[in-house]
Structures are given as C-alpha cells and as structure tokens.
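These notes open a run of structures that come right after.
Both complexes shown next keep subunit A, but they swap its partner, so subunit B is in the first and subunit C is in the second.
What follows is the complex of A and B.
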C-alpha cells in the first residue's frame, strides 16, 4: 500500500476527470433541468415537472412495464442461474462444454440472434409446433402481451451465463470438507444446499441479484430490437418514454423521469443492501 | 463437493447437454442458413406470419444447395452491411484502446494507494455503475455539444473510456493481490510506474482479458448511445442499431450478415474464455 498522496495522481487523474465530466457533473447538472420549465426564460418551477411527469399516462405505462418486466426477469435469472450452477458444480470437471456454451450468448449481439428468435416464435414456427405436439393450442407469440415471453427468454438466454459463472466461482471456493462432514452427519443434497451452500455464498448471491436487476433495467435493448421506438403497449418501457421525449427535445421530461427512475433504483438497491446485511448477521 | 456416480450424474449431464444445445442453436442455425441461396432464403422467410391453422413453416435447417451468394452480396456486391460492420469494429477498437489507458491505471490507484477520499470515490463509482444510461443522457448531450463532439464518433467513444463497471471489476481483482508481490521491487527502488507496468499489469492478465472481452461485447451491442448522440448521422451508426431494419426487408442475405456480425464476438469469446472464467474466479466480487 502506497501512502504518498502525490504518487497516486498520475494514475487517478485521467479517469477522475472523465468520470467527473461525463458522469458526476451530468448527474448534478440534470437537476437544474428537472426544476425549470424549458421555455426561453427557463423559469424555475420547483417540483412542477415531477408532478406533471408522474401523472403522464405514457410515463405511468412505461414505469409499470419496466417494473413488471424487471420483476419477471431479475428473479428468474437469479434463481435459474443458481440452480444451474449447483448442477454444474456437482458434475465438475465434466461440465466444461456446458460452461463454455452457457457463457457464449453473453457476448453475442442480440440483434443478430433476433431473426432466429422471431422464426422460432412465429405462429407456424417450431415453438408452436412443439406446443401442439404436447396437446396445447397455438399462441400468437408476436402480438400483444404474449410478446413479452420471447423478450424475457431472449434476456435470459443472453444473461444466464455470466451469473452462472459468478455463482460457480463462489461455489468452488467452498471447502469440500464441509460437505464431507455434513454427509457424515447424514445431511442430503437439499439439506446441504440450504445449510452449507446458501449461507456460504450470501455475498455472491447479493451481487448476482444486483446485477440481475441492473441488467433487467436495461431490457430496453431487446425491446428496441423487437418493437422499435414505439413498441406495443405491453412492452413500452420507461426507456422508450425517455428516448421518445428526448426525440421531441423535451429535455425537462427526460431528466425528470430519469431522476424518478434513479431514485427508485437507488431505493431498491439500498433496501437490498440492508437486507443482505441483516441476512448475513442472522447467519453468523 | 462430493462427486456423484452413476445414473444421477448421467441425468444431470444429459440435462445440461440438452440445454447447451438449445443455447447454441441460434448461432448454428444462423451459420447454416447463411449458406443458402438468396432466393431460397427469401422464399423461406415469406412463409412466416401465416395464420393458416392447417399449415406449419417448413422445418428447414440445411440449405437445399450450398451457395456463397449471400456472402458475395454483402462483401462484394453491396457494401451497406460491410460499412456498418466496419463502423462497429472502429467503435469497439477505439473504445478498448482508451479504456486500456485509463481504466487499469485508475483501478491500480484505487486498489494500492492510500489517499483521502478513496472510499468515497469508490462508492461513487459503484453508484454510477448502477445508474441507468438515461439519467445522465441529457446533460451529456449538452456537454458533448459544447465540446463540438455531438453527432461525431467521439460522442460515443469518449464517455465509454471511463465506464465505471470495468473500474470496479479490475479494482476488485487488484485489491486481492498480495503486498509481497510489489515489496521486493520497491526495495530495489522501482518507482510506482515501473511496478504498475512490470508487475501489476502482467499478473492482472486474467481480469484484464475478462474486462476486454466484456467491454467488446458491450461496444458490439451499442444501442442507447448511437440513438441519442448520433441522431443526424445514419452513416456513422454501428451495426447494432441498423441490423434489424436490414433484416426486416427480407433481402435474402440477412443470415450472412448475421454470421459476419457474430463471428468477431465468437473469436473474442474463444480467445478470452479462460481469462473470463479465471478472472472472475480470482476476483473478490462481494
């Protein structure tokens, strides 16, 4: 550990300047926009923009959809990757092929894969074919609320691998002797998973949970690829609202909506952080 | 964990193997389709969107006749896809170059120096990492405009040089490096720069590789930035924002385009795969 303050500056300064100019200053600079009316005089209007945006039906639709999609995507990503990493950890070192193929989609460009995705979910496509073979009826996947299904699956397909890898790293750090001891005591697979595995990886699980939400909030990408700037109602996210307001040069509404969103994001992560602290203290 | 034997192990292997095939299938299908002739592909794509209850799409997987016409079209006859592809390559490389200069240095500063405000700075970086892009979008547009960068490639590239996620990732790895690693060099009177270049960077190879691959994936899939910073310049758009419109036109060469788009990401993945796995395993991600 170096203590001379002068020495750190050459390493820190380039990054620090960039972070201040492109991240920190804009964050505070935007506050001004959310509190003024955007007219020629640019008068101070207090919280008027906030109440206007909050009551805007498109904002409400976007917020509702973003919350619903995040609450579908993030928990399923969190649980599915946990289960997969448990299975994968059980069959190591044989799982090399699976480990490689589960991470690959994370690096793939979504829009290139989307053509195949739309083929699979076509009314006459393989997914519906499989459903009818199993005795069900065809579903109109590419319209209305059903369109969420392909979007969520594309999201899971893409993000699963990264979470599995993070979990797996934590699982492999658990000493084998703990399990041997538990097995001697007669604890089965389920018992071991909950009494040893889960408590040992609480910090990692917390990280994966946060990453799941951060990525779920960015589902706009997938939505944009499927639906463009104005997707059908069930897919209209908060980011669609903000981008479209930006297109109309309504900077006040963009920043105001962005701060409401940021406030909610930070409140959620603050709550998660609090819960994680509690959980860890409870376990120790 | 205790190794399992016999039938349960087999079942898990089969299950995971099946899942792996499903995960890889979109890419395999894209490659196979890219070797169909354009007329064959156009005819096949027209069978989509039919609501006739009695009919299914053809279970078409392998080209009727292998043809390189799609590739001829996108690489030689028509340069629309190729131009966008080269835009994407340019963005990915310049972003990566700038990040290589700025980010590991800052991570080193945060991990191995003691200075006032260090923890506060790190906390700010974590907060910024969680922040959605749109929060800083409008003020950024104004900053970039006043610098004369808006509607130029630099509007996309320069802010990405300071992406907080990679600072966080690399810092977490460097914090875990033992102090003994640098002590001997310090005794010999090596300066911080030489310690950074000769010791810290080489031993950080896995996380640097992982970060490079993840950053490439992000640049290769840019959407929000080009949509807001390049509104008047369709010629500078990367493949990521334009590919869908091209694919929607049923040109017959969309699968060769998709293959071209996928291949660099695939090579990057194969090249950095071990780095990603070991980099993440060795990083204190808590």
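What follows is the complex of A and C.
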C-alpha cells in the first residue's frame, strides 16, 4: 500500500506544482498584499485595508450596483434560457439550425455588437421609435439609470445561448420512454414538466443558475465600453473599482476588494448549494 | 626603534604624496572633459558647429560671445579665437555697408564651416538688398586664419560654388537654405539641406571647379564626416519599416556600404553616430550612454562611457586619437571610448520633468566629482515608474518629475522617495526657499525632494494701461464675478484709447477655453473638496456664455490668417490690457503685466496655482551618497530665473549677457537705416525706412529699461504674488483628459466651446467624474 502511494506522487507532482504555482501561491500572495500598506516599508496592517475598502463609498456603490445588476440579470437569464430550451427542444423541423443560432451572440465580440446596440437605444433609434408607435414617450436610454436597460438586455442576449445549450443537453438526456409512460398514464404537458423534466434537470438547472450569477457578477466589458473607467453612477460596478485601483497600481485595494467580493460570493453559493440539496431531496 | 619610526614616517609621507598625485591623475586619465558649456540662463549663444582635425576639436560658438574654441586632446589645452571682428567684417564696419558692383547693399554670412586638407574653410553667402527684394549670391569659399586670439578669413583660389540649389524662393525674394550639417569628402564640400519637397538633400560642390551636383540618395536623415573619401550617412525609410540604416557613402563611386541597421523602434533614439576606421567600430549614443559596435548590431554593442549631454539633437565626431567629441547647441564634451577607464561609480538620472539648470548642474558636478559618471537618460513614460518602485528597481538613482503628476502623488503618498535629511547642504538651501516650495519638498517633515523648475499661469493685466484707463488698485477685480463685470464694461472704457482689451491674435475659442478652464481649475485648487455642480459655478459659466466676444475685440478662428494683413487697421499695434494665459512663474513675467488673483466670493483667500518640477532620490538606489551629492549640485546650480523664483532674498535685477552687444547692434542698424534713407529717392521706400527708423530709435531709447533677464519691476511683481502661490496637488486637466474617459471629456469640452453643449451638461460631467475619482482615492 505504502509503495503504491510513493509511486503515485511522481505522477501527481507536475499537476500539483502547477496548482501550487498558479493557484495556491497567487491566492496567498494576494492575501498578503491585502494585509500590507503598499508603501516603501510595505508594513503589515492587519485588516485595516479591509476596513478602509469596505467603507470606501465607491466600493460600496460598485458592490451595490453589481448586486442589483446580478439580481436582475441572473434570474432573468435562468428563466429565459429554460423556457427557450424547452421550446427549442420541441422544434423538430430545422431544430438543429435554431439550436445553433442561439449560440451565435456568444461568439460575437462585444465591442462590435455594442455599437449596433447603442444605435438601437439612441434617442432617435428604433427602440424609441417603437415606443412612440405604441403611444409611449421617448426615453433617454443612454443616460442615468435607464442605461442599465440596454446593458441588461445586451447581457441577456449575449449569454442566453450558452445557458440554452446546457439546458438542451440536459433535456435531451431525459429518456423519451419516461414521457411515453407518463403519456400512457394520462399525464399532460404540465404534469410531465413538473414530475419528469424538472426533477431530472435540477442539477443542470442549478449549474445554470450558478453560471448565470457568475457571469452577472462579471458584467464589466459592456459597462466599460459604454462609460469607460468612470461611467454614470448607476452603472459603476465593482469591476470598475478594481480596474481603476489596478490602473493606479494600488494592488492592496484590488486584492482586498477581490477577497471581500469573493467571500460574499462563496457565502451566496454555499447558501445556494444548501437550497439545491434540500430541493433535490424534496423532488426525489 | 628610532630607525623603524623614521622609515615608517618616510614611507607614510611618500604614500601620502603618491595618493595626492594619483587622485587628479586618475581623473585626468579618462580623458573626459567639458569642452564647452553655454549660458543656460538666457540662451544668447549657440554652439553651431564642431569640426575635428586630427587631435584638435574646433568649436564654433555664435551669439553674444562668438568665437572659435580649439581644444587639443594631446595637450589638453584650449585656445579661444574671437569672431567679433570677423563678423563685423562680414556685415560692414562702422556703418559702412558692403556693396556689390551694381551698388546694392549686402551682408555676408557663413553658411557652413568645413575642413579640407587640414585647414578650416568657410562657405559664405551674400544677402543682397535691392529695394524691397532680397537676393542671394553664395558659394564663396574663404580660409580661416586663427592667430593672436582672433579669427579672420582669407581669400582662396577656390572658384565660386554653384549655389543656385542652396537657395529657396519666397515671392520675389530668394533666401539661403539652412544647412543642417556639412562635411568635406575628397575635394568636395558636402551640405545637407531640406529640399523643396521637404526631404533632406545632399549637395556636393567640387572645390576645384565649383560645380554642384545633388547625390541620389533616398530617405536621408543625417550626414557627417566619414573616413577619407567617404561620408557617414543615416537613412530612415519612413514609408517602409522605418529602420535606421547607417552607411558609408562614397560620392565618387556613388555607392554605399551599410555599417549598421537599427530596428525601427530604436531608430529615433540612436543619435550622434560616428565611425572610426582604425578599429572598424561604429559609435553611437543611446539613452544617455556611448555605445560601440563592431558588427553594426545593437545586440553586440557595448556601453563604453556615459554621454553626459541630454540626448536630443546630439552629434558626435571622433578624433584621431580615439576620443569622441559629443555636442549639441548648448554644450560639448569629450568622451573616452575605452570602457576600462570608466569611473567606478556611475549614477543614472531619469528625467520626467525638464529644468533649465540641468546642464549647469551636470557640468558643475562633473568638475567637482570627476570620479563619478553620470548617465542622463531619455525621458520615458512615467506611468511605469510606480511599478518600478514596487519592484524595488535600483537601476535609476535620481528621478525628476512634475509635482502635479498622479504618479508623483502616488510615489509621495506611499513613501517611495529617499530621505535627503543626511544632507546639511540641501536642508540649508531648501530651508531658505519660499514656504510653499519647502512644503512641496517635504513629507511628514522629512526632506525628500529638490525643486528644479516651476510653471503656472493666470489671467494677467497691464499695470500701466490699468492706471492710464483711470482704474485704481481698488478697482482690481477680486472675484470671478467682478472680473466678468469688468469684461462687460471694458469695451466702453477702452474705446478710443491706445489700448486693446486682448492681444489681436486671441480668438474667441482661445478666450472661452482659457476663461472657462481657469474658472474650473482655480475652483478645484481653491475648494478641493467641493462639488462642481454648484450655483456659483453655474452662475459664472452662465455669465461667461453671455459675454459679447465681438465687443471684446476677439476674432474667429478662421480670421487668424488675415489679421496680419489688417494689423494696423484692427489696432494690432495697441498694447493689450489683459492676457488670458499669463505665465505666473518668474520665467516669463513681463514687466508691465501682473497676474490677477480671483476667488469665488468676497473675502475668500486667493490662490495662484503653480506646478513644481521636483528631483528625488530612488529609495532603492545603490549609490545614495553620490546621488545626494548630485542633488546638492542641482540645488546649487539652478538657473538664475528658477533660483529667483524659489529664493525670496534674491532681488538684484539681472541683465541679459548680450545687453551691450545688442545695444551696439541696434545703434548700427539705426546708422545703416539713416544711410539708406539718405540714398533712397523712391517715396514708398523712404516712408518705410522712416517708420523703421522711428521704431528702432524708440526701441533704443527704451532698451535699458526693457531688455532684462529679470527686471526690478518683474521681480517686484513676482514677490507680490509669491505668498499666494500653491503647488497643485494634482493636475486637474490630466484627471479629466487622461485615461479612458479622455475622449468623452474632449468631445464634451469642444462641444461646450462650440456652443453645442450647455454649461449644465459640462458641470454635471465634471462634477460626476471628479467626485467619483476623489471618492475612489488612490
């Protein structure tokens, strides 16, 4: 037994070295940065950076906006992708074409799409034109809090395809015979969806939910393209804060902000895992 | 025992004598030497050309102390030959003009000097005045005679050179082309000039026949003396990959031999190229150091010495005994190219901020501490400086940087500046400077920086005009509102007087930009924690928008071309009451103008924002003592104007060094104009000459009063404002224009200036950005 372990180690070593060098060491290096003052002496300051960053109004603004945007984007993405995948799963003629098409936005560069998006949401653009046709008033989509709408829609449009593909894979893995038995037993579409489809895809749905949140937390590219380093206040995200701090080479604040945020995300995902386990048990 | 002591004393004595002798010998053996340093205060003299013949270096200095300085590398001695008489001979002595055979007046000038057959020759051209037209006749070759401390020119057998291509036409007149560099190759004089197309052209003149031809070489960038029968040329193909090709050009065969090719990214940084045939080595200057390469590649190049001079507009030539004469318009140095003889300690200076006294400090330090080498690097991108500090980079010992730069602010806040407290000299020097300067040089009471320069600007007013227009000291505006009131009232007050409100060339856009910019910038300095979108600023910007700019005599952008034609008609000769962007530093304080101190409400203490250039020690420097010694010299050798700006006790007025010479010249121009007036019969010409004479006589009468480097009035004006000066903690405009938001701000600002955006939009934007940046912190 002991000899076998010794044999395993050399095989594991390259991988372990990689993990230590590229993951573990930077992680602890980052922790060290967040505990020093970044001055010439680089003095150890304990949790002072955490306290300062937490109290910084721009960090708070970034955190608040990131949370708000995530709470809008993630559930919307989760639901929309589920519904769309159900629909696509049932389309038979040219189903492959439609399923492939939803992935196209994911492959397109954001900067190119953004220009078109901004034109659409311009004061004189097609979106406002549609609103006026429906009897509404034009909206200044590209200013203030309204700017969130194009950003959210762009995010959904871009990420929807990826989540749909994951859902579709799970849906197509459900044995057709289960539905056939259920149909013979007289179960309709709704009954099948809740008694067969949903229990069978809970682990996948949970994965999509987590990925939606992860992607939503990282909303930055779109915001940065629109507003630069200092966008309108409703769009200033935590990534803006960290990016600006990085630009000022304030690694202490970057790492501190990153670890605070990471801590919050871990806590949230822990809670989600707990809920998923309970839900899975209930459905079983 | 007694014998042992005697021997010990004798040996100690001998050792002491040897050490005393050894020190200067060790310094002298490197051969490095300052050949020439020009006056860094007034820029009234220029080192125009350097010629090397064997082991002698001939330095041609023009300007107030025009002379040939001849340095012999063998004897180490310099002889100076005055050029005053020679120059007077070229322009006519004692008011007697030189005349052509047709009776036209002319003056002669040296187009270039060159060495031929071991002697120095001058190529002259004549500038001939024919009524209102100027003509050129050139290509006269004279031999230089240096004797008894004076330089003179002697006639030669060389025929007049075909000079036609060396002139350019402007209207009915012709002018001589500026010769960028010249050399002699075989029996040909070579001159590099800009041609009509804007490209460099190499013209070759046969010194035996006078015939001229143009070399067929593309993409010429530079040319200098090469080995016998060849020229050393530099070519950059800007249409291609822009690499620099260094070649030996043989005009006889019309062929080039490539010696080196420098990559495009380095092409513009390689300067002062010289070739030594004896060891087949190419020397060049790169980032403050002299490099030698035998195979023409940068990879194999070895740094053989520090250059010493700031690395722009540099040239070099090699002497017969292998020293490199490095020069630019303000100084020349001799450099040993044997790396084994370099000093043991070399300090490195990286300049992000410029100072007029930098050269003087370098020269003084070199003389004081010849054992320490000093590398003065090219200025680079300062955004990498903080990263270097975080990596504890010890490559550079001293940095200079603007005190308003965000990088400086980050370095200062994080303590990446070495303490200078060990230097009693620095403490004592900086301790006597203005408090605002002292404060900027200290962090938590510790001396960390040396001030090297100062800039700043504000609205200025003409004190004499102010009084003549019936205003008193109490009428001076003290708030921006009062200033806007003044602007509204001035069209009426200045009408029919000898004053304009602004100078003729100030456009509406310039003025709006200055006014609005200054209102915002001063606000940021005076109220660093306040928001921008306030009723005060909204009111001021609103009022600024309603000003009648036509009534203020401001022109449109597209009118600036034609104002010179309508100069008198538009009142361009009148003095201006106000200047929109007057330099608040002493450097360009005009004696009749004073800055306005404006606040945002009555009773508020005004502030005059200035920016300091600072030098500081890298805390990771491996040579802190030597670097501090250099900083001490820097503080001691500040140029006069900067020193006066920092030290409140320096109040003696300073004349330009060429004051007397300029006065003499002016008297000669007057005599010359009078003589021409007597001869001229044409009425129009007479009228013009009379006007010129009147202006010259007026200028001469006021010359003593106006021709100052630092006049008593100018010093008094500055002293009056110095207590209000405050270094800007950050550059307001860089904050808005810098980074990813710069383009957005630029569009908004231009939109506002052109009337497409409102003051409200501008203020909201500035308010939001600045507030976010401030809240975010560093």
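Basically, the second predicted complex is superposed on the first by the 261 of 284 C-alpha atoms of A that agree within 3 Å, B and C clash if a C-alpha of one lies under 4 Å from a C-alpha of the other, contacts with A are read in each partner's own complex, and residues count from 1 in each chain.
Basically, a residue touches a chain if its C-beta (ideal position, glycine included) is under 8 Å from a C-beta of that chain, and two chains touch if they have at least 3 such contacts.
On a predicted model such as this, the values are computed, not experimentally measured, just so you know.
With both complexes brought onto subunit A, simultaneous placement of subunit B and subunit C is permitted, the two fitting side by side without a clash. In the superposed pair of complexes, A:255 makes contact with subunit B only, with no contact to subunit C.
After overlaying the two complexes on the shared chain, residue contacts for A:135 are found with neither subunit B nor subunit C. When the shared chain is aligned, subunit C comes close enough to touch A:41, but subunit B does not. More residues of subunit A are touched by B (comparison of subunit B with subunit C).
In the superposed model, A:186 lies in contact with neither subunit B nor subunit C. Touch criterion met: A:224 reaches subunit B and subunit C at once.
Judged by the touch definition given at the top, the superposed model places A:88 against subunit B, while subunit C stays out of reach. In the superposition on chain A, contact is made by A:106 with subunit B only, not with subunit C. Shortest separation of subunit B and subunit C in the overlay equals 7 Å (C-alpha atoms, whole Å).
Note: residues 224, 228, 247, 251 of subunit A belong to the subunit B contact set and to the subunit C contact set alike, using the contact criterion stated above. Interface of subunit C with subunit A (complex): residues 386-387, 389-390, 406, 410, 414-417, 619, 739-741, 744, 768-769, 772-773, 775-778. Listed in rising order, the residues of subunit A touching subunit C in the complex are 38-41, 56-58, 224, 228-230, 232-233, 236, 241, 244-245, 247-251.
Per the touch definition, subunit A reaches subunit B in the complex via residues 1-3, 5, 7-8, 10-12, 14-16, 18-19, 21-27, 29-30, 33, 84, 87-91, 94-95, 97-119, 122-126, 129, 138, 157, 160-161, 165-166, 168-174, 176, 179-180, 183, 203-204, 206-207, 210, 214, 217-218, 220-221, 224-225, 228, 238-239, 242-243, 246-247, 251, 254-255, 257-259, 261-262, 265-266, 269.
Of all the residues in subunit B, the ones that touch subunit A in their complex are 1-2, 4, 9, 12-13, 15-17, 19-20, 23-27, 29-30, 47-53, 55-57, 59, 101-103, 105-106, 108-110, 112-116, 121, 124-125, 127-140, 142-143, 158-159, 161-162, 164, 167, 179, 192-193, 196, 213-214, 216-217, 220-221, 223-224, 227-228, 231, 239-240, 243-244, 247, 254-255, 257-258, 261-262, 265-266, 268-269, 273, 276-277, 280-281, 283, 285-286.
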